[in-house]
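What follows is chain A paired twice: with chain B in the first complex and chain C in the second.
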Partner chain A sequence: MTKNEQAAKARKRKHAIMITLLIIVFILFILPFILVLINVFKDQADITANPLALIGEHGFTTKNFPEAMRKMDFLNVFKNSLIITTCATILTILVSAMASFVIVRNGKWKACAILFALMIASMVIPFQVLMVPLVSVYGGVFGILNHRWLLILLHTGFSVSMATFMFHGAIHSNIPLELEEAALIDGCSRWQTFWKIVFPLLKPTIATVAIIDAMAFWNDYLLPSLVLTDKELYTIPIATQAFYGTYSTDIGLVMAALLLAMLPILILYLFLQKYIVAGVTSGAVKG
Partner chain B sequence: MASLSLKHIEKVYENGYHAVSDFNLEIEDKEFIIFVGPSGCGKSTTLRMIAGLEDISSGEFLIDGVKMNDVEPKDRDIAMVFQSYALYPHMTVRDNMGFALKLRKVPQEEINKKVDEAAKILNLEKFLDRKPKALSGGQRQRVAMGRAIVRNPKVFLMDEPLSNLDAKLRVQMRTEISKLHEKLGTTIIYVTHDQTEAMTLGTRIVVMKDGIVQQINTPDHLYNKPCNLFVAGFIGSPQMNFMDAVVEVKGSDAFLHIGENTLKVPDDKKSVLIDGGYDGKTVVLGIRPENIKDDPDFLAANADSQIKSTIGVKEQLGAEVFLYFDVNGAQTIARVEPDTPLKTGSDATFALDMKKIHLFDKDTELNLLYQE
Partner chain C sequence: MQRNTMAYKSRQFLTFAGPALILFCMTIIVPFIYGLYLTFTSWDGVSAEKPFVGVANYVSAFKDAYFWAAVGRTIIYSIFAVILVNLVAFLLAYMVTSGVRGQNFFRAGFFIPNLIGGIVLGYVWKFVFNRAFVAIGNKITGGETPSLLSTTGGAMFCLILVSVWQYAGYMMLIYVAGFMSVSDSLKEAAMIDGCTPSQAMRNVTIPLMRTSFTTCIFLSITRCFVVYDVNLSLTKGEPFFSSVMAAMHVYNKAFTYKDYGTGQAEALILFIICAIIGITQVYVSKKGEVEA
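And then the complex of A and B:
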């Protein structure tokens, strides 16, 4: 066997090991989701008898869904999650896109440089460090817990640094200053230049920030559980947890609740996924 | 249509860098003014000050007699074509061209009419619904022009608009711009570092170096009567030849010694050397390549203005020939007829057309024969 053939064989072996490892990791990740999918359409008896069977003895059923929806007050918690996620995501995008535009285009201002440095620094502070003072300040001193808008503002506040960082890179690398100058000469004010020229060109980054933040807000359990204690204001993760605590024996219902909880964000992801890579890598390579 | 006035314009950046110094220029209506100079000479900075994209540190800038120093770019009634074209990537060609009018709340019907008219002038009718990324470089350049045309502004500003195009397209677009100026009759200020563009397009050229205006005049005047060494070297391609020459005054005549070659200075030019006290001093002799001749008749008639050398390189360009040779250490080019018998390596005798020579002071670099 020649040296080249040996090298080719070694390369193939390495490739095979890598593929095997990837398949194992993929199965580990996808298995819980598959279990939810196959068991959600079975009744309690079939799940207990064989949780791995695709269809139970009693056949295919969708009765878990209306039951779960009613018991976890799904429409209400869905509405809460939707309002909070949508508002916080939009607010994060607007605030951070505008902030990064000002920071990038006024690089000589020391205030901008300091502000940006503080934002980057704030990203390394773990949320767990802040949660106790946060609840005691907003709950104890101001007494404004249990409001959706408080959670919206907190979500925005915690996510705006990362979003500003991403928009900063995108504007810095992908929006030529000449475009803004052309707009100024064409008759735009600074405000119009941002909204009519810069903002539409940030579409890939907007999509990336939207999906990353929407997923984080939708799935967040810790912050809503600290801020919202009123059952009427529960978001899906809190409601799912509460539901699981009450109906942990009826696994079919739990599966239905879990699927209902993850479905909306999964759909959003499928719609926006093509922008994610473009947004994350924007500015990495000069176009 | 407008006249512009720049009075003692200065641009000093915060770090103290003096980008433009004491810039003075009166631009008449319908003039095609070219700012030319090497990179970093302040030509683009001056244009950006006119556009309102840079603050004017001191001095006055007026359009039609109205001071514009503190007027916003959008209120100056100017249009600008950028080097990168600066087309809005998310808009179609039609939207790009109509954007300025839309901002001014011009009725949509009128916008469409003006865009269609401009597209017709620029041959862009087929591309109106395309986005910039689907256009070639030349088409993008024309869209950028179209965006300026639809506004019917007082002044067109163009910042190296052809430098991103390939050589062939550049020549074609140069002609298009020239025709457009004829057709629209708008005042145009055009920045370039390409002296060919400057010579072919401009009604007047402003030559700049290190933020200072060197000379302002017509292309013909700059070519034939450059005020200093820089302008003489910058305008013309191939550039003017320069040789150090020692002046000798003998009686009422003046001679130039370049190594072993001696040239008699014509009567109309010798007085500056004699009266200026240049006897025994070194001056710089400047002569354009086409004024160094090798044809026998000219050589016979100009026995007192000959130089001898050996041909280093012969460049055959078809309609003309460039001969490269050394004269007392100075690389020299002669532009001669294509039927010249001279070859690389052959000894040659040339005669200088002494009526066309330029003489520069070695220290001040000023042209001793012409001053503005």
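And then the complex of A and C:
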């Protein structure tokens, strides 16, 4: 056997070991989801008797779903989450891209420098420091809790720093100044230059910001739970929490509710996983 | 066109940065300053009056044994969680960049827990611990096994386990990016110079990945330190308050016991501890970074 063959054989063995390991870890990783999936089709007695059996003694049932959907008001809750996530994500992208444009191109202006420095510094503030004053100001002083648009604005406010920072980097290193100057000479105002030239060129960063923020808004629990106390306005995480509080003993229903709560984003992931993985990576590495 | 006048500058600034500025102020700046003010009052959350009490809230925060117990617990939890998250993430990243078949599939798969919010994940695992693991335990021992979540040490262990599971996939992606940024030619050069693969890993790849380590450790520390969602759904602080983390304590202090002033003072202390740890860590690890 030549040296090369030996090396190839060693590499093959190494790969085989790694694949086995990866498969084992992968199964452990998705085991909780599999357990939910097999128990969601059983009735309460079967789950209690044996949560590990593939099919319960009383057979396969789908009755948990309609009941959980009704009790959780799933369609309404899903709609709320969708509206809030979509609006907040779009708003974050628009206001952050605009702000970063003036900050990059006029970095010497005092207002720009101060705003940017404050934004960077604010990123280390944990939400716990702001939650009491937020409730106190918007609940106590203004009395405007329980409005969807307030949550949308607050979501945007919390994510604007990070998003501005990312757009700042993108404009700074990827958008040539000559392009803007050319547009200016051709008679574009700054406003037109931004929307017609700069903004379209920011597409990759827009995608990254959209993915990161949409996931954060969709899954956020604490802020929405403080702002929205009206059952009609609940988002998926709040509804899940409330549902568990009320029906935790009916484990079949809980399984269905949990699966429903996970399903939308898992389905989305099935189609967009390449973009989501790429977006999250570039967001984390730059941030 | 006057490009240097104050009027032009402010109009430009306000047109582009105005919306961001307003939102940033209304969610971060105003509440932050107002929060500072609240720590000097004894507001009960209902009345319009906010009596001024000086530093009394800070005194009671420093005397609050439950708060410091929660902070201590959070530090222990964070140490274990951060080390394990990064260890698991690094090993996973190593395996999914080694050129094995289906590595993209595995990358996408390990990331799945990050897609789902902490509340839902906590309840999923609560089911696993309370039902599935108990069933397995019963089968092995033949008797009644208690759930890990109902024992004081166990709840903490569960919380760490779930956090590792939750964050490892995300940190893995950052380490993957780190592995990919180290060019193969450097590793090959080291091997030609007589390094074994593990030496090349230790002396070439890992030092060049310092940035990834800095990012991952920073992200995992700052996330673990204010863990709340999973804490709430998985253990709810039980049994006997043995798994109440700092963030949950602050929440309960303010919103459950209506002691807003002390709660806010404790939140501020938490923020300062968190900021000191985070900044020290970034400073220390930045110092050791090398470039190829």
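Everything that follows uses one rule, which is that the second predicted complex is superposed on the first by the 221 of 287 C-alpha atoms of A that agree within 3 Å, B and C clash if a C-alpha of one lies under 4 Å from a C-alpha of the other, contacts with A are read in each partner's own complex, and residues count from 1 in each chain.
Simple rule for what comes next: a residue touches a chain if its C-beta (ideal position, glycine included) is under 8 Å from a C-beta of that chain, and two chains touch if they have at least 3 such contacts.
Everything numeric here is computed off the predicted structure, so don't read it as measured data.
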**Request:** Considering only touches as defined above, state whether A:242 meets chain B (first), chain C (second), both or neither.
**Result:** neither
**Message:** Contact-wise, after the overlay, does A:181 reach chain B, chain C, both or neither (first, second, both, neither)?
**Reply:** first
**Item:** First, second, both or neither for A:26, with chain B first and chain C second
**Value:** second
**Prompt:** Between chain B (first) and chain C (second), which, if any, makes contact with A:192: first, second, both or neither?
**Reply:** first
**Message:** Per the contact definition in the header, classify A:200: touching chain B only (first), chain C only (second), both, or neither.
**Reply:** first
**Asked** If you stack the two complexes on chain A, which partner ends up touching A:50: first (chain B), second (chain C), both, or neither?
**Response** second
**Complete:** The chain contacting more residues of chain A, comparing chain B with chain C, is C
**Request:** Enumerate the contact residues on chain B facing chain A in the complex.
**Result:** 14, 51-53, 72-74, 78-80, 82-84, 86, 88-90, 99-100, 103-104, 147, 151
**Fill in**
chain C contacts chain A in the complex at 9-10, 12-13, 15-17, 19-21, 23-24, 26-32, 34-35, 38, 43, 45, 48, 92, 95-96, 98-102, 106-120, 123-125, 127-128, 131-132, 135-136, 165, 169-170, 173-174, 176-177, 212, 215, 219, 222, 225-226, 228-229, 232-233, 247, 250-251, 254-255, 260, 263-264, 267-268, 270-271, 274-275, 278-279
**Prompt:** Can you name the residues of chain A that touch chain B in the complex?
**Reply:** 108, 176, 178-179, 181-189, 192, 197, 200-201, 203
**Request:** Using the touch definition up top, name the residues of chain A that touch chain C in the complex.
**Result:** 14-15, 18-19, 21-22, 25-26, 29-33, 35-36, 39, 47-48, 50-52, 94-96, 98-99, 101-103, 106, 109, 111-112, 115, 118-119, 122, 124-137, 140, 153-154, 156-158, 160-161, 164, 190-191, 194, 215, 218-222, 236-237, 240-241, 244, 251, 254-255, 258, 261-262, 265-266, 269, 273-274, 276-277, 280-281, 284-285, 287
